[in-house]
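Order as written gives the chain letters A, B, C and D; numbering starts at 1 within each chain.
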Amino acid sequence: MTHAEHIPSGPPASLDQARQLAAALLSERGEASGALIARQLQQTMRVLDADGRHGFQRYLASAFQPDAAALQDAATRYLADSTAAAAAALADAADPPRQEVLRRMNMAPGGTASLIAMRSEIAGRLGSEPELKLLDADLKHLFVSWFNRGFLELRRIDWQSPAAVLEKLIAYEAVHEIKGWDDLRRRLAPDRRCFAFFHPALPGEPLIFVEVALVQGLATAVPPLLVQDADQDSAGLRAAHADTAIFYSISNCQDGLRGVSFGNFLIKQVVEELQTEFPQLKRFSTLSPIPGFRRWLVQQPQSGGNEVAMLRELDREGWWHDAATCETWRPVLMRLCAQYLTRSPASGNRVDPVVRFHLGNGARLERINWLGNTADRAMAESFGIMVNYLYDHDSIERNHEAFARVGEIVRSPQVDALL
Amino acid sequence: MTHAEHIPSGPPASLDQARQLAAALLSERGEASGALIARQLQQTMRVLDADGRHGFQRYLASAFQPDAAALQDAATRYLADSTAAAAAALADAADPPRQEVLRRMNMAPGGTASLIAMRSEIAGRLGSEPELKLLDADLKHLFVSWFNRGFLELRRIDWQSPAAVLEKLIAYEAVHEIKGWDDLRRRLAPDRRCFAFFHPALPGEPLIFVEVALVQGLATAVPPLLVQDADQDSAGLRAAHADTAIFYSISNCQDGLRGVSFGNFLIKQVVEELQTEFPQLKRFSTLSPIPGFRRWLVQQPQSGGNEVAMLRELDREGWWHDAATCETWRPVLMRLCAQYLTRSPASGNRVDPVVRFHLGNGARLERINWLGNTADRAMAESFGIMVNYLYDHDSIERNHEAFARVGEIVRSPQVDALL
Amino acid sequence: MTHAEHIPSGPPASLDQARQLAAALLSERGEASGALIARQLQQTMRVLDADGRHGFQRYLASAFQPDAAALQDAATRYLADSTAAAAAALADAADPPRQEVLRRMNMAPGGTASLIAMRSEIAGRLGSEPELKLLDADLKHLFVSWFNRGFLELRRIDWQSPAAVLEKLIAYEAVHEIKGWDDLRRRLAPDRRCFAFFHPALPGEPLIFVEVALVQGLATAVPPLLVQDADQDSAGLRAAHADTAIFYSISNCQDGLRGVSFGNFLIKQVVEELQTEFPQLKRFSTLSPIPGFRRWLVQQPQSGGNEVAMLRELDREGWWHDAATCETWRPVLMRLCAQYLTRSPASGNRVDPVVRFHLGNGARLERINWLGNTADRAMAESFGIMVNYLYDHDSIERNHEAFARVGEIVRSPQVDALL
Amino acid sequence: MTHAEHIPSGPPASLDQARQLAAALLSERGEASGALIARQLQQTMRVLDADGRHGFQRYLASAFQPDAAALQDAATRYLADSTAAAAAALADAADPPRQEVLRRMNMAPGGTASLIAMRSEIAGRLGSEPELKLLDADLKHLFVSWFNRGFLELRRIDWQSPAAVLEKLIAYEAVHEIKGWDDLRRRLAPDRRCFAFFHPALPGEPLIFVEVALVQGLATAVPPLLVQDADQDSAGLRAAHADTAIFYSISNCQDGLRGVSFGNFLIKQVVEELQTEFPQLKRFSTLSPIPGFRRWLVQQPQSGGNEVAMLRELDREGWWHDAATCETWRPVLMRLCAQYLTRSPASGNRVDPVVRFHLGNGARLERINWLGNTADRAMAESFGIMVNYLYDHDSIERNHEAFARVGEIVRSPQVDALL
């Protein structure tokens, strides 16, 4: 059913009103009464249904183009004489009024949240309606500027945090599902830390959060990190004796902010916070999934019947409970996994997104862990194998450059030994 | 003396380091360790002397140009086919790397404050070093986006505010000098209100503030508003019985944010706050100076010896203490002032900046007050004449449009009667 | 098993140390270093086991008696000449050093909480160890003074409250069990209010809290108040249209503060808060249990076979699902219940504690509700009958005095009609 | 003029009303509506004039006596059998209803502040109206309990503190007058610290505050500590390099809390705070006045003409500017001062109150400083001589006991050398 069939008599009153208010925002009226009009528009948008919002998004994407004559003029001048001033004049002429109308919409209370919701909503239609891409790009341009690291606030989240914030952790946790409030409480125990970035315009809304376990030695498997343990005092003791911080989960919360990167900043500031609170910590590492391993493996031209047989066996539910199966395939899978993780992007390989993220941040591939996580998703993605990425302060820049410039997958001798 | 003469042996180490760090911010390293580099740059900038800062500003203004080939290409494509997509691609190519480097500088703690200080510092050199204008424009572009109304917080300032904030009122008050803490206290008494906008990245720094007196009837002169009166209880009573709010002073605090407009938003939100706290208020008006009146008057071709004589007499110190002088010239001056204030911009006249601000906000010219302020500056600017601009909720949009479209100086019958 | 049998070789080191520290608190050392010693004692107490705590409590109860000679002297003087000054001197001499040692123990961080825990712990032994009653009375005397209404802070509890506070609601709710976080969330929805008293020395610890439902008309049954309803918007609408606030649960949280009354103050301040937030509220009423009805009824000499039969039938599980049974016994039970509730204390009757509380606060008995609550406890206590007590601002003092002076059970005509 | 002459026709309506409300507070009505009546009483007291307040204070002091029959009975029983239970019953009977009425007055918002103001007001009349002493003692008894160390909050005061708090420092500074806001700012500079105790019931009211200078070596004179120095950065450096904290001023703020001791606790907790913030601090000392030295000296039977001559010379204005005079009298005065300060209380001497305070806290007499303060008051009190008292963590308890038990004036060898 198309929009036209649904509402045959044209756009409903509120969509019409939203359009008029958006136009007014950029007009003379908008200069005198911008904040007021932005508020009215905000209220009008709130009563739009999905079709109305869709219509309004298309309107925003198409109605606020730069002045073509002026832009052509500036382009011509720049081509005639490519000075810095001409470039600046051209940038000025090209700056889309779409961005200005979005900036003015942001003036209303709740404006930022509603722009983020808009970008989230159009995400699914970018393929079928390419004209929305301009709106998407403008929103992203503004969000990159507004959600600059300098405007973010790192806050610890613990059992003293408002329930309204905590329930968002439960909702947004993307890596290891939080199974209700008791599970959440364990993740906020004295030997755990959770930190999130917040933005002043979205007061109770975490943008991204990371969960950290304070342990002794490198944690190589997930279950011990998630196990319930109600004893606060012994958890406090464990924290006091920990030498390693394990970042075992990092989750983005706002789909509308996709492409605005927070993760790198978050990990690095949390390392600093933890080092201050626990000077005895010696090691900062993740325990991370390998989302692309199985997909890659099944797409490989299989060298022999051996691997075909293996893949068939590993399709069986609960194969990992069988010691013989494990013994047989573990060395094969571990080697293949090490190969997968260390393929150089320079050779045109698609690097696993988690590798790309952490090595791009300057971490190194530290350890590959057999059956590090037997939860369904991890079994499906990577046969339960998990990876530690190590954040070592002194080699972060070097690692990053090696990865970024020549595509080197910086790794420990332990990983090399698997190859 | 040029910079080169002053430090013949080339830029000092810290300027060099600042340049390298700024370049690094945009490089690969900047992606892995942007926040860290931004912090180092921040520290390096702090030790630069005036020459070093100047050199760094010139570097920022010139070193981060858009890629000329790419921009020429995008310009050519747009001229060939002026689609929305081509316009967006052109805007992208034109977006100056200068802005990106400034955005990354902002990631450091204190980054926003130091960018504002930079723009303040280059203000005086824009005339002699036009290349700095590009840096100035980029800073302004970012500030307009970052200091969006949606990110500002209105806060009441009173005697419970931190001394560190209050001393800034004393420092920044631009209209009626605050003569120390006792004077300040009076301006924060129960029959006064002071509101300011703050930005989360500048926690203790008011951006703009307005001082309001709660009175009965339209206040037509400044001295009664500034008179000392220690009695808190009677001030509370006056507030309870006030029917009029007089905005008698509005001051911008951050020179580096010039051109980013806050005043209109501030006045309108403060009207709302006051209406909520004091539902009995019936009138919201300013009591404002006329900075350009005398300058305009002395430049007029004088119609006769009369006005020449008047101007000579009004040059005498303290002329306003003489009743006869006042009686003679008051009608002449009041008529001339009404003429000055009501000249239409449509006829090519330069409208007084205060008229332009308030009528641009949708206020109307309500009353012209003889000897409304006998402080030195007011006597020098406008022979002590002061003006009330009335903010009437129901006519704000109409007034604004009349002024903005046809240059009509909306005014009360009282003002008309003077013409 | 006595304490001596259990640890034959005398008190363990830490009990001994606790005693010495308590003694030191009252000594010279205590004057110079009271806060320090109090902290040491606090730490020592934390490692005592139950026997050690018991021993320490007995020590506190017995070791700090007033100086007998001085007290005898003061008593003698007062008997000789009963002036106000002699009375004051006698009060001084009688003031037990136990209270002073407890006051000094309170100086340590966490001191107040640990004294409250101590009183909670000795509660069960007051019968068998009457000497502990002196300690209990001194603790209560101090708590009454420290938890004076003037030092309590009323705070609204909602979904923005810290989880650490919210979980205490779940733990302490004494009337209608909160079944986990979803149930709790419903009780904090926009058409509900929850308020608690807090004391500055127990920052995250509610002392008492009340749950309120905003409804239309007098709520006569519990289930509709507890039903889950996730829709926040319609809950907000219900709140806006409510004319009645139902106090459906009030729970004390600190057993160690028993006998220190908060409930009366809480209800009355919450009425004020609600009246301010919702000026349209016309009625403030409880929906309360009748804990003593069945117990009283079964103890009555039964007038005939009728009631014996009734009691037998009402012992059957789920009798209230049978319409005929209900029809038969409802009038009988309702009449008996009205009789139970309205018995005058003047005639030596033991008034139901809930009646005593609310009528003592000045409420009146408004309505008796058949099957107002079919939860197990309510069925067991009162055959599911519930009561509304009405708090009517204008008659509170009159009602209170009628009840307090002559034992009148102030009630509505509706209740009278049942008799 | 007596009260009776002033208002011949009996107490004014509001005094009468205050009495009735106070009586009502203890009645039945008080139990149902105590908080309400306390608020009404609070409002009534606010409109009483000085005579009315006086009348009300006398009423409070006399009208709420313990029940004589009950108290006589309890006294008789105790004399017959002096058990612990009988002592407790006697204490109960002796507990004056005055205290209960004061506790109930405290339930109103602002109640604590108004009781403190009441005690402050009656201070001057205790001599002439001994019956007020009972009220004074009851207020003090309650304040000692309510202002228990466990309920106080230590807060740092700095330039971020509200002006409303800072102006109280200016008002209350009792040792070295603060000459306006610039002087205050210097005392809050980065190489200074100011801490105060606050009580939750008096939110913006410091109870006592201490001013500390962070310096190198023992500060032996006041002027360098008070000198203006606007440079925040160098002050920060000085703090970082300080090895000594000098407590150069400690002031009680609430006259109504006299006799409730805070100073000892304050100094000791501030020592802990400073040690945490500046681990490099090695020495904590006061720089203190000697209020009683001159008074004592002039009362001594002069051994010879020598001292008579000295006292005459030292009466001359500005004698200390004369090097010869200083050279002559310095050894004599310093020896006499050392004698004054070290006289043992055991021999019946009246110990200087500042000595008593600091040695009672466990400090030792460290150093006597010639011309440590040439401000008028210090010259008048002690010829400008000042004293350092040293707080050394390891000897505090020993020092205290030596002073408290045998009146030993614990002192440094340096002081001994002067004797």
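Worth a mention:
Note that in this section a residue touches a chain if its C-beta (ideal position, glycine included) is under 8 Å from a C-beta of that chain, and two chains touch if they have at least 3 such contacts.
These are the chains along with the protein names UniProt gives them: A, B, C, D = Malonyl-CoA decarboxylase.
Model, not experiment: these values are computed from the prediction.
Centroid analysis (C-alpha atoms only) places C farthest from chain B. Taking the mean of the C-alpha atoms as each chain's centre, chain B and chain C sit 59 Å apart. Chain centres here are Cα averages; for chain A and chain C they lie 50 Å apart.
Contact between chains, per the stated criterion, is found for A-B, A-C, B-D, C-D. Those residues of chain C that touch chain A in the complex are listed here as 159-164, 166, 180-181, 185, 204.
Across the interface of their complex, chain D is touched by residues 28-29, 31-36, 38, 62, 65-66, 68, 71-72, 75-76, 78-79, 82, 84-85, 87-88, 90-92, 94-96, 103, 106-109, 111-112, 131, 133-134, 137, 142, 144-146, 148-151, 153, 200-201, 264-265, 268-269, 360-362, 396-397, 400-401, 404-405 of chain C.
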